[in-house]
Each structure stands twice: as C-alpha cells, then as structure tokens.
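The two complexes that follow have subunit A in common; it is paired with subunit B in the first and with subunit C in the second.
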Partner chain A sequence: MKTYNNKAWWLVLPVFALVAFSAIIPMMTVVNYSIQDIFDPNTRYFVGTEWYREILADPRLLDSLLRQFVYSLCVLVIEVPLGIIVALSMPRRGLGVPVSLILLSLPLLVPWNVVGTIWQIIGREDIGLYGWILNSIGLDYNYASNPRDAWATVLIMDVWHWTSLVALLCYSGLRSIPDVYYQAARIDRASHWAVFRFIQLPKLKNVLLIAVMLRFMDSFMIYTEPFVLTGGGPGTATTFLSQTLTQMALGQFDLGRAAAFSLIYFLIILLVTWVFYTAMTHNDDKG
Partner chain B sequence: MGWMAWTLPTALFFVGIALLLVAMTVWQTVSPGHERKGFLPLTTSRGDRLFIGLLASAYGHLLLLALTDWPLWIATGVCVVGMVIIMKWG
Partner chain C sequence: MSLQLDNVTLSVRGETYIDNASLTLEPGSFNVLLGHTLAGKTTLMRLMAGLDKPDRGVVRLGGRDMTQVPVRQRNVSMVYQQFINYPTLTVFDNIASPLKQAKVARQEIARRVEETAAMLGIQHLLGRYPQALSGGQQQRTAMARALVKDADLVLFDEPLVNLDYKLREALRVEMRKLFESRNTIAVYATTESAEALALGGTTTLLHQGRIVQSGASGEVYRHPCNREAASLFGEPPINLLPMSIQGEECRVAGSRQPLPEAWRSLPAGEYQVGIRPHHWSLQPVPEPAFRLPVVVRVAEISGSETFLHLSHDQIDLVAHLIGIHEFGVDQALEIQVACRQLFVFEPGGELLLAPYSLRPALASV
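Here is the complex of A and B:
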C-alpha cells in the first residue's frame, strides 16, 4: 500500500515525550546501573557483565523465576476456563445483566493491599471463615506455616480477585456474536458443546488472547497480595520475582544486581508480550 | 545527567540503537518496504525483523553469559551475523 503522507506521526510526539520520561530514561538508567557496582551516582565501579553472570547462576533467583512461571501458569489454567464458564452462565437480558455485571466488577475495585488483608483474615484458622471451615472439617490448614496452604491461598486469592476480569472480557466477546449464528445452529440442531466449540470459542479468540495476556502480565509481576498475605513465606515458598527484586534493590541496597535482574525480568515480559501481540495481529490479518 | 550513572559502553549502546532507528526511518522514507514472508514463520516488515533480531540478540547474549565463560564479543559477533540473516531472509 502506498504511503501518501507521514505527517500524522507528529501527533505521536507528545506520547513519545511522556514515554521517554516515564519509561525510556528510567530504563536507560537501569541499563547503566546494571554494569556497575553503585553506592551512589558519584561512588560507582564498572563491573561489566559480572552481575548478569551472577544472577543467571544464582539458584535463589532461578527458583524465584521458576516459582513465578508456575504461579502464572496456574493462574491462567484456573482463571481462563473459569472466566469462560462464568461468562457463559451470565444472563443475556433483563435485570440480571446489570446485577451480574456490578457483582463481577466489585472484586476488581478492591485495591491489592486490601485484598491481601482480606485474605489474611479469611485464611486465619481461629476467626477466618475459610481457615476455620477447613480446620473444622479435619484439614490441617495453616497458610503461615505450610507452603502448600500458602500457595493454595495465594492462588485462591488471585482467582477471587481477577477471574471477574476474564469473565467480563468474555461476556463482552459473547455479546458481540450476531444472533444469526445461533439461529443457524438451532436450525442444524447443534448441541451446546458444538455451539461453544464452533461459534463461541472461535469468536472469543481475540478477547481470550487479551485476557490471557493481561492475566499473564499481572500475575507475572504480582507483588502486593502475597507480600501482605504471607510476606513471601513460609520460607521462600511464595516469594515471587518482584518481591525478590524488591528485597535485592531496597532491602540489600544491591542496586547493580537488582538492575541486571530487572532487565532480565523485562526481557521475559517483552518476549511474552510480543508473542501475544503477534498472535493477535496475525489473527486480525487472517480474520 | 549524573544521576543516570552513564558509562562509555552504555552510551555507545544507546547511541547505536538510536542511530539504528534513525537509519531505519530514513530507509523506510526513501525506499518504503513491504511486509513479506521469509524463513520466519510469520509475515514481517523491516521494523518487525529489526525488533525480532534485537530481541534474539539480547537473549543470545544472556545465553552466552549463563552457559559459558566466553567473552561477550563472541555473542555480539554471532548476533550481528544473525541480525543480517534475519533482516535479509527473515
């Protein structure tokens, strides 16, 4: 396609200036820090690639990375199918529509640290509903001392907080499917499964890609909720990447290593985002 | 700019990236490119191929640092060759 005029690019300049200040300049600083041992901007020593070599061989960080991938995978495996089921069960007309939309939006409005605090209380075995019920049916549940329970609670907390987002996105996708598809399916006497498999799921593809990308990104940089709920414990069982990074940068004031670590973290996010972006635009081209 | 803790290698790196972007813009203006399909499993524009090449180079450097004790310029050399291949036939 022939390009007649590129003047519209000037309109991007304000955004470019904003991004420069909020992202590009800080990112450049992080790159600068990552190859130096920094005490303050005036007291610094060039170390080359030493931090990168150390980080890529540090078992604590590799464990944290693995834990993070497993966590994000669990989040996606639970929240995406659950969100689709919730969206499919939502009413299509009548008073039920606004009521269900408001109810589903409520968890999304709760701030992260409040979610952590809510689940800290709910999970307690003495006064918390969830912890008390599990203990009273004979399960030895304690999220503060048992890594398995801590993981389960952090995951359930995330599911409680964010499944609504997937459900709302899927619901909007479902509502955009023209009725003629369903009419054709009725004429063909298609089963519910066939309608889902051959009409709803293909039409939801792009929305689901966005939902998967958003949930992956959010879960991959999760910090506040597990920090408030478990503080990363017991031991390091729920210490995810961002918490490890924060401990390194602010706790140990190890700015050089933390900078190198954040760049690796950034590259992972960049790759995943690019894969999703490409998948989405590829779908658009095809569809 | 002292707070940004500049060093010569990082300054050269960013100047290189900036020059690359300027050169790509000029190239696109003078001789507009089109999306095409090469050995990569998707249709790509020049900019896409540059991005893929740069991202692959970043991972290539990290891989070398993680798995070997070799000096970094070996990865840089391999990545430059890789970048040319991706830009030309990708």
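Here is the complex of A and C:
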C-alpha cells in the first residue's frame, strides 16, 4: 500500500489562485457573456450561439478582420527582413556597438500613444516636417482624407517603432556565432550569400521565431496608433479589429456580441501563432 | 609546393603575437607546431593561411610571394578545435561544399566525397545532419571537408582536443596514414608533446610568439637546442639542476661523481643539467649515477604509473616512475639518475651535450 502525502498541493495553491484570478475567471466571464443577451444586471436571456453566428456573418467585422490580416502581413514582410538587414550591418566591435544599441532601443521606449501623436504632427501638411516635404515635392499626401496615406502612415509608424526589436533580437543571435565559422567560410571561399544562407540564417532561426511571433501578436492587436492618428479613419480605412471591438463593447455597450467577438479574436491569434510556430520548428530535428 | 615564412612578424596593439618567425615546410611533410596555450600557434596558422597579414616578412608558397594574396584566392583548408560544419547541410553536402564552390562537375564531386568519406570511415553517415552525429563523427566530417579539395596547405588547429582519449588515439594514427601519400603540406598545432612525438614528421617549438627550434620531431626531442626547447618538449617538463665541474670531478646539486668520459671536453665551471622525469630511478643504477636526497611533496598515482613531485633544496623536481609507488607527504628519499642520461646546458641556456645513449640502462650492462 502506498501512502500519499497531499501537503504538496498547498505549495501549488498560490499559483492556482493567481492563474484563476488573472486568466480563468475573466475568461469564463467573457464566455458567460458571449452566450447571453444582457440588458441590465437583472435582465438577461440565454441566446446560445446566436452572437457567434451573427458575428461571423457581419460584413463590418469581416472587413476589419481582412484589413487586420493584410496589415499584420505587411508588418512582418517589412520588419523582419529590414530587422535582419539592420542587424547584419551593425558593427561587431568598438564604440559603434553601444551607440547603435542605444539608438535602436530608443524607439522601443516610446509609448504607443506618443508614437501616434508624433506621427500625427510630423505628417501634417501645414506644420509637420514630413507632410510638408511630401506635399512640397508635389505628392498629394494627407492622412486625414486619403485612406491610402492613412494606411501608409500607420504602417510606417509601426516599422519605425518596432523594427529595432527585430534588429536587436537578430543582433543577439548573430553575436552568438563564433568567429571561427566566418573564418572557415573564408577558407572555403564561400560567398557572402552562402555565409548568410548557411551560417547566419540557421543561427537566427530561433530568434526569428520569437521576433515573428511577437510582431504578429502585437500588430494583430494594434489599437492606439491608428486611434490617435485618425480615430480609425478616414471612414473605416484604419479601423482594425481591436478598435471595432472597443466600439462594440463600450460605444454600443453590446456586451454579448463583444464577448463572442473577443473570444473569436483570441482564437485567431492562438491559431495563427501556433501555425507559425509549427511551420518554423517542424524540421528542427534536421538542424 | 613548399611553404616558406621569412622573418614574419605580427603585432596587434603593441603586443607582439609572432616575433620574427622563419620556417620552411616541405611539400608532403607533416609538421607539428608545439607550444603552450597563447604561444602563437593559431596566429602562426592564420598567417600561413592568409587570414591575417603579417606586419613584416614574406610568406611564400612554391616560391611565389603570397603575403598580400587574400585567403579566398588561396588553396588552403583548416580544421578547428571546435567541430565546424554547416548545420543545415547533410554530411555529404558539407564535404561537397568546397568542391561546389570550385565548380567541380557533379559526378566528380560525388566520387571524391565518397572516396574521402570512406577514407575517414563516415561513408555510412553521408545522409545525416551534423547535429545527429557524435563529436568524433562531426570532426571526421570537418576533416573530410578539409581533405576533399586537395589543398596546398592543410591546417589542423588542435583538432583532437575536444575528443575523448580513445578517439584521439585512433584519429591520430589515421591522420598520419591520410597524409602519407599526399603532396600537401600538413600543419598540426598541439599543446601535447606526446602527440608531437606520436605524429612524427617535423616539430616546431613555439614560445611567446618565437620559433624556438624546428626539425625532425625525434631529433628535436633528443637534441633540444637550448634549455627552453628542452622544457617545452616533454611532459612533465624536464628537470633542471645546477652542475659544476672541478678538475676530475663533477657535482650535481651536491652529489659527486668522477667526470664521465663524454664530458671531458667541458672546461671547469658552472653548468646546468636537464633530466627527463622518466630517467629518475628509485633503485640503485648499475653504472655511474648521481644520487639526490629529496623530500616528497605529492605522489600522484595514475593507473600503473606514478608522478612524484619532489623538492631538493628549494628546487622542484618531478619523477615519472613506472609502477605504483606510495609515499607520504614530506617523506625523505634518494633518487638516482645515470650520468649518461643528462643534458648539459651552458649557463646561458645553450645545449652543450645531449645524453650519449638513450638505450635503457639495464640493456647496456
């Protein structure tokens, strides 16, 4: 007969409590809302999956979902290669190292709404430097009225804000490659491309995985910058998912719908991140 | 093609890495660079390969001045202490990479890769990735990559250090065979005297960026040009004691002997003698010998041999004895060494006399 000592459960209890209050209870509250129609705290009706069915057929939401995917894709396509290029061109020793590290970290320290405000001002055609330059060289740039310009501005803002993160991650990955690899490559007469393809890229794989996931999740939840810049406009051109959700939950106080929507939102991020992760690690056994 | 270094000097930020090194390596030779860590072995190899350019001096390959030719335009290969392979390529592609770079025809590549892999006993691993290999197999892959392209110069920078003892022995024997029939210059850096002696060929002793001595390995070991060379070559290092000759008598650290026949050419005066640790004996030697009273510091027993760390009148000595000899700390002993097994150095350090016979003492009786 084996005797069990259950005292160890006490040690796990704080973690249970923490997870319960920080994740499980809020999440279940949302689940609870998503299957009810709530008028006031005492008047509520069970509606089953109605909210979900309605949302998945709502063109406004599907539009902003599509917009969101296009946006996140653009962010990844621009920031990841750019970050790698920046990391590759950073100095490996000397005074340039701390200088470039500090310069690269600066954008990361700026809060989201400040970034939005900076670009809102700098992009104005009357008092903003970039807006004025673009217009004075004959480009008709106005983020407040032109959806294409608003889009470009939000994208540039994100690139300005977050490419350094990718670059710093890649730089740390590059620094972990011993010098002898480069030496061996020189002796093998390998080209610069071959050095990148067969030495640097394989070493960067792990940090790139982290960079891609972070940038995807973060850009998929973008809210503050377009909100500060144009409030999601012009029209709904830069209204991304989280803003649509906020409008629904707080603007219209449509709690059931918003709850169902946020669950779907959450599942999408989870699914896409899982796909990225699996795709980038599935042939790890090959090195 | 022979490799020739003429008065090569390299210093970085005021610190001299290689000091006026001159050396000639013959084609088809196997050359060991022996020296402690930081002696400049790797730097010298980098200069030979063209990875670094010397501040002064000329590097010639087959008579042609290669000093300013960058490594990419030379035909060199190198194997490192770390196992350097391309992680995303299979063993086959790893070995084939220098040939692909040189635009060799496909079938020729396959033939040469397989031939080289067979030589190193990794032909069954060609489809695998380096990560899935043991350390020994990874290093064999790296060696195959270095050997496949028929380089003029193949450099080995302590390639066996990170392998276990048995593998090292096995690979060391193979190395010699691999180069026996080749016309390349092989250079092999190591910190271990035993390795230099086992590999044969020539040995170049390096110390603090200087070439101390260079020559056939056995010759350098038996006839070190000076005290420094004798201390560098041999593990544990040679024991040094003062010796004086007065008339018909000589004296090593207080122990007197009539002057041996072979030493008669030496004028009276002060000298220094070198004694290899394995020449000490605990038993009486049946021939003229010096006897030294010593005190045991540590008796280090390793398997079936014993390293006795001793001290004689403030001088530290090491004796390498066959068999297990247990001694307590501070135990007093007498050790002996046959007169004919001593190296004699002049006070300045130059070698005057080498041991006159290295045959075991008992065999000569």
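For this structure, a couple of remarks:
Here is the rule we use: the second predicted complex is superposed on the first by the 257 of 287 C-alpha atoms of A that agree within 3 Å, B and C clash if a C-alpha of one lies under 4 Å from a C-alpha of the other, contacts with A are read in each partner's own complex, and residues count from 1 in each chain.
Note that in this section contacts are C-beta pairs under 8 Å (C-beta built on N, C-alpha and C of every residue); 3 or more make two chains touch, one makes a residue touch a chain.
Nothing here was measured: the structure is a model prediction, and the numbers come from that model.
Using the contact criterion defined above for the overlaid structures, shared-chain residue A:271 touches subunit B, although it does not reach subunit C. The larger set of touched subunit A residues comes from B, when the choice is between subunit B and subunit C.
Once the two complexes are overlaid on the shared chain, A:14 sits clear of subunit B and of subunit C alike.
After overlaying the two complexes on the shared chain, residue contacts for A:111 are found with neither subunit B nor subunit C. Of the two partner chains, subunit B is the only one that A:53 touches; subunit C does not reach it.
When the two complexes are overlaid on their common chain A, residue A:28 makes contact with subunit B while staying clear of subunit C. In the superposition on chain A, A:94 makes contact with neither subunit B nor subunit C. Counting contacts as defined above, subunit A residues 285 meet subunit B in one complex and subunit C in the other. Within the complex formed with subunit C, the subunit A residues making contact are 178, 180-181, 183-184, 186-190, 194, 198-199, 202-203, 285-287. Here subunit C touches subunit A in the complex through residues 46, 49, 51, 71-72, 76-78, 80, 82, 84, 86-89, 97-98, 101-102, 129-132, 145, going by the rule given at the top. On the subunit B side of its complex with subunit A, the touching residues are 2-7, 9-10, 13-14, 29, 32, 42-43, 51, 55, 58-59, 62, 65-66, 72.
For subunit A in complex with subunit B, the touching residues are 2-3, 6, 25, 28-29, 31-33, 35-36, 38, 41-42, 44, 46, 49, 52-53, 56-57, 264, 267, 270-271, 274, 278, 282, 285.
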